[in-house]
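To keep things simple, chains are lettered A, B and C as they appear, and every chain counts its residues starting from 1.
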Amino acid sequence: MIEFLKGYEDYFGDWVWEMLIASLVTMELMLLSFILACALGLVIALMRISQFSVLSGLTKVYIGFFRGVPVLVILYWIYFAMPELGYKILLISSFTAAVLGLGIHGSAFLAEVFRSGIEALDHGQMEAALSLGMTPSQALRFIILPQAARVVLPPMANYSVGLLKETALCSIIAVPELMLRAKDVASSSFLPMHAFVLAAVFYYIMSFPMMRLAEHLEAKMAVGR
Amino acid sequence: MEFFDKLWEWAPEVFPFLIKASVVTLQVTAGSLALALVLGIFVAVARISSFKLLSYPALIYTDVMRGTPALVQLFIIYFGLSDLGLEFDPISAAIIGLGLNGAAYVGEIYRAGIVAIHRGQIEAALSLGMTPVRAMRYIILPQAVRIVLPPLTNYAILLVKDTAIVSTIAAPEVMFEARRIVQATFMHSVSGQIYLMAALIYMAITLPMSYVAKRLERAKAAWH
Amino acid sequence: MEALVRIIDLHKNFGSLEVLKGISIEVTKGEKLTIIGPSGSGKTTLLRCVNYLEKPTSGHVYVDDKLIGEKKVNGRYVHLSDRELAKERAGIGFVFQRFNLFPHLTALDNVTVAPRQVLGMQVAEADEMAMEMLEKVGLAHKAGEYPERLSGGQQQRVAIARVLGMQPKLMLFDEATSALDPELIGEVLKVMRELAEEGRTMMIVTHEIQFAEEVSDRVIFMDEGRVIEEGPPKEIFSKPRHERTQTFLHQILER
């Protein structure tokens, strides 16, 4: 153990600093993807439960596709493939490609979370709202969605933890986040073990508060029954 | 559309390679799933044990595994351990990496399943004169199995998708093969089509699994 | 006396199951009509067809001379969407067996949400009106409480206040006390009795025979989707003519 820690002697200071900066990119990446996934996911969920069968059907395919495919494929597609397909306008930076990839992939997952959150609500709530003379959209806005919001918070918190970990994949498409920094540092120092273990520590520090928040929300939801 | 024309054009040549690679995907999935299912039992038992010496390490293990990216864990096992003299071939490293990672998730699933069984069940079984072991075998476990089956199936689906990350350590599975084809043959212009084919292969595996998972969830809900 | 409600030859199928087999009823303004019958007789379905929570398979419903839930398009009748139905439903009050209070809103807000969003009432006016309604059902002191802190009887009374807030011309009660513990039933029946005395038009589905006897102007006995017998409460409850009515009353009163 002490032997192992000795290995950090020459590098620790530099590594910590570099990884700290890279972690900021990681968090930025995570935040932007999260926002995109939530916003897009909500829109998709509402379309999925809409009464227009075309909309509902299309979003069903969308959700099924993105949930059945690894996020890595999506990242590759946006970063490598799309420019080739002539969408040269979208010769976007790796960071943007990452946000889009993670966000779109996540939106499918969250759409299902939102949808089951809305549908899990007691049927009677919708009926009561409608029988008081509210239109479906009024019922959704004032009665259904406020309640659904409470239900979807725990899965959203869980998703954010998973999203943080997914940012590591973006190193494969050259986004300058923590994992890429760890790889660089590992290869230049020939100390892969030390480099990746330190990176793991950074990831754990970042995910720790989010995991505790997710647990707290889950516990709160369970009690409220 | 030109995109789909190119797709039909190249599919017959590319698909066979991808399908062959999907065997590796399934191997890695099966291997790590098996490892996770077995190790998960120990993790779960340790976590619910009253010995702090068992439960604390198990808790830390679970939290660290779930709080750090699988990719990092994989790299530690493949690159890190080889640095310390312990080398694995890509597929073994993949199975070990995803398996150890999975043990944490599966352990949680088991633990939640055991805890979910009402105290009253155990009490009823014991007061009928069953030994704890009998109670476990005939009353608790059968119910626990029913509870954990749906989340385990969902986990298996996630695992299939997670195997894509082992392409980074050169395990010859679908993603790796797709990338290899694009780069080796300079077919960058049809990379979109090729990656789409890779996506379809994953869907071909996960879609039936999702169907099974939904059926299990429905059966479980009905059983309640 | 004009008919406030006219139900004409109502049929309702759920898949292959025929639940309503041709119901025709009229309810005059200010009348209290009680509907009794065994479970499965279709009485709840009938009530839910009046405010179109269920869409009838055939037949028509008129409330206050207006055709509910349908419109004529090129000579054919077409069901309205929930959005189009909203206006009509505002004037019909429905009290649910399971209350269906909105758990994320206080008792007061439960009463004000619809008047504000549907009728466009201002906050101050709505709050004042809601307090009056809660006062009426005896729960003004609970205005700030959330439903989970209220007993079943209190929740149902808030639900009634909520309906009253919309000033309905017609009130529908779907087994309003069936989900309540016995000792809580009385407080809800008391409110219903007061509403009846105010001259409101009410259609009540209930198992509470004594209450029905006191409050109704007319009683209808339904079985297997049809109206078997109807008449004033004294007749139906003491001298039922049909065998099925007699059997049902025996079973229910034997308890």
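One rule holds for everything that comes next: contacts are C-beta pairs under 8 Å (C-beta built on N, C-alpha and C of every residue); 3 or more make two chains touch, one makes a residue touch a chain.
Computed from a predicted structure; not experimentally measured.
**Student:** Quick check: more C-beta contact pairs in A-B or A-C?
**Tutor:** If we tally the contacting C-beta pairs, A-B comes out ahead.
**Student:** Find me the chain with the mean Cα position closest to the mean of all the protein Cα atoms on display.
**Tutor:** Closest chain centre to the overall C-alpha centroid: A.
**Student:** What is the distance in Å between the mean C-alpha positions of subunit B and subunit C?
**Tutor:** That pair's centroid distance is 53 Å.
**Student:** Approximately how many whole Å separate the CA-defined centres of subunit A and subunit B?
**Tutor:** Whole-Å distance between the two chain centres: 19.
**Student:** Averaged over CA atoms, how far is the centre of subunit A from the centre of subunit C? Could you give it in whole Å?
**Tutor:** Averaging C-alpha atoms per chain gives centres 47 Å apart.
**Student:** Would you mind listing the residues of subunit B that make contact with two or more other chains?
**Tutor:** Within subunit B, no residue touches at least two other chains.
**Student:** Quick check: in the complex, which residue numbers of subunit B touch subunit A?
**Tutor:** By the definition above, subunit B touches subunit A via 3, 63-64, 66-73, 75-76, 79-84, 161-165, 167-168, 175, 178-179, 182, 188-192, 194-196, 198-199, 202-203, 206-207, 210.
**Student:** Under the stated contact criterion, what part of subunit A meets subunit C in this complex?
**Tutor:** Listed in rising order, the residues are 51, 122, 124-125, 127-138, 142-143, 146-147, 150.
**Student:** Flag every residue of subunit A that touches subunit B in the complex, lowest number first.
**Tutor:** Residues in contact with subunit B: 64-65, 67-73, 76-77, 80-82, 84-85, 161, 164-169, 171-172, 179, 182-183, 186, 190-193, 196-197, 199-200, 203-204, 207-208, 211.
**Student:** Help me check something: in the complex, which residues belonging to subunit C touch subunit A?
**Tutor:** Answer in residue numbers: 51, 53, 81-83, 85-87, 89-94, 96, 98, 100-104, 113-114, 117-119, 159, 162-163, 166.
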